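First the structure, which I've put down as structure tokens, then a few questions once you've had a look.
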Amino acid sequence: MTHLADLPVWAAIPVALLLLLGASLALIGSIGFVRLRSFYERVHAPTLGTTMGIGSVLLASMLCFTVLQSRPALHEILIAVFMIVTTPITLMLLARAALYRDRSEGSDDVPSAPPAQTTAPSAPDAAPPV
Amino acid sequence: MTTTLLLWSIFLAQILLVVAMACATFRVLRGPRAQDRVLGLDTLYVNATMLLLTFGIRTGSTLYFEAALIIALLGFVATAALAKFLMRGEVIE
Amino acid sequence: MNGWPMSAWMNHLVIAPIIIPLVVGALLMLIDERRRALKAALGVASASVLLALAVLLLYLTDHTATGADATVRVYRLGDWPSLFGIVLVLDRLSAMMLVLTGILGLSALVFALARWQKAGAHFHSLFQFQLMGLNGAFLTGDLFNLFVFFEIMLAASYGLALHGSGLARVRAGLHYIAINLAASLLFLIGVSMIYGVSGTLNMAELAVRIAAVAPEDRGLLEAGAAILGVAFLIKAGMWPLGFWLPNTYTTVGAPSAAIISILSKVGIYAIIRIWLLVFGESAGTSAGFGGHWLLIGGVLTIAFGSIAVLATQNLARLAGASVLVSSGTLLAAVGAGQAAVTGGALFYMTSSVLAIAGLFLLIELVERGRMVGADVLAVTREAFGEGEDEESDDDDAIGVSIPAIMAILGIAFMACALLLAGLPPLSGFLAKFAILAPMLAQGAEGLPFTTWALMAALILSGLATVVAMSRTGIDVFWASPAGDLPRVRLVELGPVMMLLALCVALTVQAGPVMRYMEDTARSLHGPERYVQGVMTTAAPGTGKGAAP
Amino acid sequence: MSDALLLLAATGLPFIGAIVAGMLPTHARNTAAWLAGAIAIIGLGLVWAAYPTVAAGGVIRHSMAWMPSLGLDLTLRMDGFAWLFAGLVFGVGALVVLYARYYMSADDPVPRFFAFLLAFMGSMTGVVLSGNLIQLAFFWELTSLFSFLLIGYWHHTAAARDGARMALTITATGGLCLFAGVLLLGHIAGSYNLDVVLASGDKIREHALYLPALVLILMGALTKSAQFPFHFWLPHAMAAPTPVSAYLHSATLVKAGVFLMARLWPVLAGTEAWFWIVGSAGLATLLVGAYVAIFQNDLKGLLAYSTISHLGLITLLLGLNSELAMVAAIFHILNHAAFKASLFMAAGIIDHETGTRDLRRLSGLNRFMPFTTRLAMVAAAAMAGVPLMNGFISKEMFFAETLTAQASLPLLLHILPFAAMVASAFAVAYSLRFIHGAFFGPDPVDLPHLPHEPPAWMRLPVEILALACIIIGLLPAATVGPYLNMAAHAALGAATPEYSLAVWHGFNTPLVMSLLALAAGVTLYFLLQPLFRRNIEGPPFISRLEGRRMFERSMVFLSWRLARTLEGLLGTRRLQPQLRLVVCVAILAAGWAVYRRGLGPGNLVPQGIDPVLALIWVIGAACALGAAWQAKFHRLAALILLGGTGLVTCVTFVWFSAPDLALTQLLVEIVTTILLLLGLRWLPKRLPSTGTSEVMRTGRRLRDLAIAITAGLGMAGLAFGVMTRFPPEILAQHFLERAYTEGGGTNVVNVILVDFRGFDTLGEIAVLGVVALTAYALLRRFRPAPDSVDVPEQQRDQSAYDIARPERREGDTVADWLLIPSVIARLLFPVVGMVALFLLLRGHDLPGGGFAAGLMGSIAMILQYMLGGTQWVEARLRVLPLRWMGLGLLLAAGTGLGALLFGRPFLTTYFAYADLPLIGEIPTASALLFDIGVFALVIGATMLTLIALARQSVRGHRAAAPRVSATSAPAVPGPILGGAPTTAPTGAPTAATGDD
Amino acid sequence: MELILALGIGVLTGSGVWLLLRPRTFQVIIGLSLLSYAVNLFIFSTGGLRTGAAPVLERGMAGSLASHADPVPQALVLTAIVISFATTALFLVLLLAARGLTGTDHVDGKEKSR
Amino acid sequence: MKRWFPYPLLTAALVAMWLLLTESVALGSILMGAILATVAVWGFAALDPPGGRLKRPRAAFALAALVMADIARSNLAVVKIILNPRKTERVSGFLHIPLDMRAPYGLATLACIITATPGTIWVEYNSANNTILLHILDLVDESTWIDTIKGRYERRLMEIFE
């Protein structure tokens, strides 16, 4: 771990703090994931990790390597972007699937299907048919 | 000094992350519903990504970055597939 | 490379048996399924070239040296020193196995042209990869590379075994794959343990290093070898690891069965190769490791195989059980650990490989003409109706003429039966003799129990085969309710006849063939030349591409 | 004529004739008969030609190398003894051929018959002329084989089939024993050469292996010669055409056994064991055969048992350990051949002319065929041992021998003469029954045909043989004397005793015995008349001991019940026990090795435990155990837990400095999850199992649990052992040093994969390709189980919901659900693709490489399939998996082959740093091309498998609900994959994912 | 550390073997997957456990075991991963085919054979 | 030009990604990135992506900053909720919000924003009436949430994409 010694204190402290912050957020998110009562509440918890949690760690990483390599270490940005873009897909798909499952079981905790309305414009063309 | 500080904070962060992973695993094991398990796996993936990043800082190597990148970019594919399976009964229609 | 007589291009002949089927297999993927004639032509051309090549390689290997003074041709892939890269090693044993593969490959493929190639998708590609896997397994001198070629061979065999699909095939295929996957895992565990202790994957190098392994590491090394051995024995079908074998072979289509039947021999080959090389006399305290288990297992396998032979009325299953008998015989003979016996074993292997392949092909043709349910009928007759003299004896005194095609099939069937039972006049008899005679020659006065056991097992297995084959043969050719005459095409009959003709040739030319086998066995038991051949090419590479 | 040619011709001609005869047209009766006859006559001529040499005590030999290294030469050897037998084989053979020509029906496909007969003749000649023990066993088994074919000639009758099979089973078993016996004998003598063996009598008799060798050889001889208790096959062999019986059971097949005993007499006889085994077998056979023969109603059955009895007599003679008895045996072999062949032929004539052989129906034939009657009477008299017949002389010698036999047990000596007389009396009785029963008495009634004399040519062989019986009986010394002498000398050598071949030896004990026996026989026959008239079946007292039934029963038991039971006990066709055995054997094998050598931890000091990794592995273990726990009832949970385990494995790889592994593991993990999910849809609903008792299930589980725990502990132990030893360094060091300088890459793992051990990688992608082809082929034939054909419940639900609402169209729910994800997924498509290419291009230097890149590319596409649906994607992207695969493989192999052009071995890589304008220095390594091949193949193979799997759903939808495609799934524009028609019939999705 | 990984391998093996011996095809395929993880880790472990060793070389420099991870087991594991991935896929396809043809997911293709 | 570079913005983004991946701004990398990006975009174009353009890139940056701040705030809020579970007055629940925006990319971005923000999640979209269903962890006041979503995000997104 000799490289860590090369890190000046001004960088080391924020790196350490950011790491701890990120990890703590992830942990809190996961604790919430365990402790919250229903699936729809639990689904919010991991977002702590996927947003600020990982953001902090990425910042720490960027800072660390920028200082160590004396050149901007930016590729961590990609991870952040990918996380922001992809996590919602999972959560959205999952939440809706859970909703369907709960509705089909007749659960009272979820809103029933929207009432029938008068004719409305059709779905955008973008929707890929399945 | 900075080394100690960093080592300890990295260590602590890793411990926190692993405990977070354990929480997620708990949900995967416990459920109660399939969606909880899937969400647990997703959380597991996210926490693992962070763990890999802290590991990169600890070893001073950027080589583990790709693994984290892959999880960030593609980790969702497995969970999305699972979600689709729950919703539609099959992954590819 | 030592002893290459011809031009530089000849050097590359050793790799050709692997590359030709690979390239042809890949090309066949690119050709549309509907252009079957083109595919068949390419496939047969490749198989023919492979056979010719194998014969050439055998000639090149054999004619340059006599006796144990074997020529070992080493091909260093990637031009890396053999210690660090992967090497292919061609010696008498490999050459012989290549020839067997070539013969079986060509016969099975030609046979398949009549019907089987149409039974499913990508038959020809799979077949080429099967040949590639087999040839690679026989040529490689590297343990891990052997694993890779085992996998190619198995993967292709899965494809061929399942070719044509169908309930029975899929059901048996599931077992086949599950067990082979388990075996592959064992293979990996074994190889990595051996590597972990010895630090090498090169078989020749391993043979050199084994003597120097520290005593405290030897347990680990031998455990690895034992696990690896289990993997090989699963493929070889040793009792109690080989129950999958007859079940699989029974359901597989004829040409697939014919080519896959050599897979069990790959397990034997690996044992012969590695066990004799690594655990030979120079292995220090590990010399002869586990040999008696091979012998015991072999005898038990013969016993179980014979029981299975007796217990079945189904022709294909009978052939499958015969594979077990053949495997058991080979294992026991190899386990005896004597060069002369090994020579006999190799002769036996050649004979039984050809016979079993012939039988698998033949069965298809025979079954084609049989009435559905004929087997069941025969079983009932056998088990319950002991006396059935109800037939009218008006025309007792007039024989029934047998149609030519049935006569030919009958003769071929009888030939297979004789080959498998080890009865004269075909090579099966000589093969048993070639194993037993040297075994007896060892003990000056009393014979060890194992020799007795093997002798008894061989005799009794022959008996079981006679009983079963005569029972089945009589049912099929003499007593069957007249079904339709099988429609047999020349491309189907030809391969069967070729395989049997080779057995006849083996009988007639037993002397020279046996000389080859004995030379092979001697160099296997005294692998100095093999080791030396590989190690002398271990000199640093003669320079690679331009260095930066 | 040279000796070699003579011997080769004598042995080979019959086989050549057999082949020629076999190829004759079905009804070429005369040609076949002429051929067979000519060969028999030529054979006889050849034998005669050898006479001068042999008579002078010479031995004709010819030897050819066969398997010289094992001491197996093809040695033909004719001495006086062999000469005598060869003469019998060809002489009787010629007569039988002549007889058969007239006996066999014109409609019979006789060329086959003569082919078998000739082949048998050749085999028999081979036996008698063998100068090598192995070769003898070789021809011995051939006689079994061809006799099987001859007996089964009329295979349309069950009797022929059963008789043939029984004969084959018994004699081939004996042959195998004989084979083992001669192996032992050769081992003792140090050679299989008959001359050597015959010269080492003392060595053999004193050897420890003498007894096993003797027993094994006798097993061969006694079974062949139908000795008690193996005698029962012979009567059933009578299902053969009569010429066959006449040949096999008089002069040849059954004589092979006694021939062998006589041949090896000088080396094997002379011991207690020999006396007891051979003598008692002979005695028992003699008595049993004769007794049973009396009560046979079938002419041929009677003759068969009489044959058994006479063979017993010969065997007994051989067993007496007396040279004189041996001479008598040889003489009786000759005599028996003559009278038995003629009797069989006579019986055949009766059968042929009257249509029956049943003594209860036959009677008074003398009036219809007087000449045949005379002939039969002569032969029967010889068989009965009536004075002035040949049988009489050898019987006299036999009686004399029984009186002088030497053995340790006096009791037997006292029994022997009486037993001989009893048997002789029986012989008189059955001979009398043969003649009296068939030819005399009242006129026959109700015969199938009206009998008359047979054609003259058919009678000729009988005439010749009957004449021989008389002439030899009258003038033994003048006729057969020299030949017998020659044979005896050849068989016994210097030990040949003095003997006299005369009709009259004075009024001595044997003569008295003969006369007593004659009288007793005649008396017995007439005493038994009432019994015969009562239509008895089988002999009194021992009729229940019917050999055939016992044989059949034991065969059924052995080869069916026992074999099946044993197969069931010792084997299994179920997978679980097989896998259990595999695991257990592996554990035992490793355990055994470790137990022998011991296995302690190595001397490498373990590193301290990192709590982070320890915790990670707590998670990993929990996931693994959870997966094991849930896999039955909660498949999805198990799958997710498997993913967790994979993730932990991946983190472990990172932890221990293996980023390439982590990357690959991760990608494989994702693809595997999708694969398994695709499969999950087709599996049945899991209901709690019922049926087997809870106790049994718990028992099985405990057992499996124990195995699993043992395996786990074992692996843990081995892993710990491996990890605490110094890791191997040589290869690692070498690769680390040369990866850059000679392999041109800094990612050593990748350099190993594409260069040092590129051959492994080539093989590995071949595996991938083959597997994909197999999966594709298999899925083309896929038929879902009835209970999973339906569109999944969820989809039906959601469709129903959409249909029920006027403002929604079917499919809106899923379209809304996928709207956002699919927009993002499409954006991700180029992104993932570029990251994949990034991994591919930099793989040689940094973690990545063709495989990881290929998997990534596949995932990019799978994502589109998932969120867009198969038809939607295939309308837009032309994925040609087979083309990717084929080209990938060709590229990889081609890169390897490129080296050949430069005279280097396959896969030799080339690299350089090319300095391109603008772009700068870039590494150009042939390894990159190789890696691109890998990449292409991986994409192709993964897509082929996944698409093939995914398409099952499309097929399922079409099959289950055709209306779905009409309302919700929009028409697919343009070609889908590979240009196959969009609406391929459900049953034939040909080339759907293949390239056209 | 060695102990942890050894135990981990042990647990994976035990779970895998347990599943391998179960009667349902899905159990077997999960078992095989777990076993292949175990085996991959096992192969990997023959190179020794090295934390923080450099996995790739510095450009232009020869590496050494002192500072670099052992690449050989890694390469072997990579090959093994690919092959087990392929065979898992095949096994899956086959178990589906068997399920389709036999109607059951029992490994013997029929329920309760004995 | 349009034929070769149908989606210039995406191409540019991909080149940027390439440069980040290779951690190099050498000319070689840019060229390589450009070539690969061009090809990759063709793949994208083959997928029939929905139409739509980024009309006001600068507004997009502003929105990004806003969202980041919101996410940070929400993080803290959710941390509080998780760490203080005894606070009983918290009500979580579903919320229907009718939307005006129909641009696919706009909707996608909105979905990402909502879901990425801790405490809110996009559950269902109903194209028939252009309504979304959210689940909100701390649903004290429904109208505030509707205002936030519609006013704070949807409006801006409509500016950017429509």
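Going by the order they are written in, the chains are A, B, C, D, E and F; count residues from 1 in each one.
The working rule: a residue touches a chain if its C-beta (ideal position, glycine included) is under 8 Å from a C-beta of that chain, and two chains touch if they have at least 3 such contacts.
Computed from a predicted model, the values in this text were never measured in an experiment.
Colleague: Which chains make contact with subunit B and with subunit C at once?
Modeller: Intersection of subunit B and subunit C contact lists gives D, E.
Colleague: Looking only at C-beta pairs in contact, point me to the busier pair out of B-D and D-E.
Modeller: Ranking B-D and D-E by C-beta contacts puts D-E first.
Colleague: Roughly how far is subunit A from subunit D, going centre to centre by Cα mean, in whole Å?
Modeller: 66
Colleague: As a quick test, compute the distance in whole Å between the mean CA positions of subunit E and subunit F.
Modeller: 39
Colleague: How many angstrom lie between the centres of subunit A and subunit C, each centre taken as the mean Cα position?
Modeller: 57
Colleague: Distance between subunit C and subunit E based on Cα centroids, please, to the nearest Å.
Modeller: 29
Colleague: If a residue has to touch 2 or more other chains to count, which residues of subunit F qualify?
Modeller: 17, 21, 49-50, 104, 111-112, 122, 124, 126-129
Colleague: For subunit A, which residues are shared contacts with two or more other chains?
Modeller: In subunit A, the residues touching two or more other chains are 1, 29, 31, 43, 45, 50, 73, 75, 78, 85-89, 91-93, 96, 100, 117, 120, 122-124, 126-127, 130.
Colleague: Pull out every residue in subunit E that's touching 2 or more other chains.
Modeller: Residues 20, 25, 28, 42, 45-46, 51-52, 54-56, 60, 72, 79, 83, 86-87, 90, 94-95, 97, 101-102, 107-108 of subunit E touch two or more partner chains.
Colleague: Graph of touching chains, which shape: line, ring, star, complete, other?
Modeller: Here the contact pattern is something else, fitting no line, ring, star or complete shape.
Colleague: Where do chains touch, given as pairs?
Modeller: Contact pairs between chains: A-B, A-D, A-F, B-D, B-E, C-D, C-E, D-E, D-F.
Colleague: Using the touch definition up top, name the residues of subunit D that touch subunit A in the complex.
Modeller: Within the complex, subunit D contacts subunit A at residues 794, 797-798, 801, 805-807, 809, 811-812, 814-825, 827-828, 867-869, 871-872, 968-970.
Colleague: Hey, which residues of subunit A end up touching subunit F in the complex?
Modeller: Those in contact with subunit F are residues 25, 28-29, 31-32, 35-36, 38, 40-41, 43-45, 47-48, 50-52, 73-75, 77-78, 84-85, 87-88, 91-92, 95-96, 99, 110-111, 114, 117, 120-127.
Colleague: Which stretch or stretches of subunit E touch subunit B in the complex?
Modeller: Within the complex, subunit E contacts subunit B at residues 51-52, 54-56.
Colleague: Under the touch definition given earlier, write down the residues of subunit D that touch subunit F in their complex.
Modeller: That would be residues 805, 807-808, 812, 815-817, 819-820, 823-824, 826-827, 829-831, 833-835, 837-838, 842, 864, 868, 873, 876-877, 916, 918-920, 922 of subunit D.
Colleague: Please output the residues of subunit B touching subunit D within their complex, sorted ascending.
Modeller: Spelled out, the residues of subunit B in touch with subunit D are 11, 14-15, 18-19, 21-22, 25, 28-29, 31, 34, 37-38, 40-41, 44-45, 48, 51-52, 55, 59, 63-64, 66-67, 69-71, 73-75, 77-78, 80-82, 84-93.
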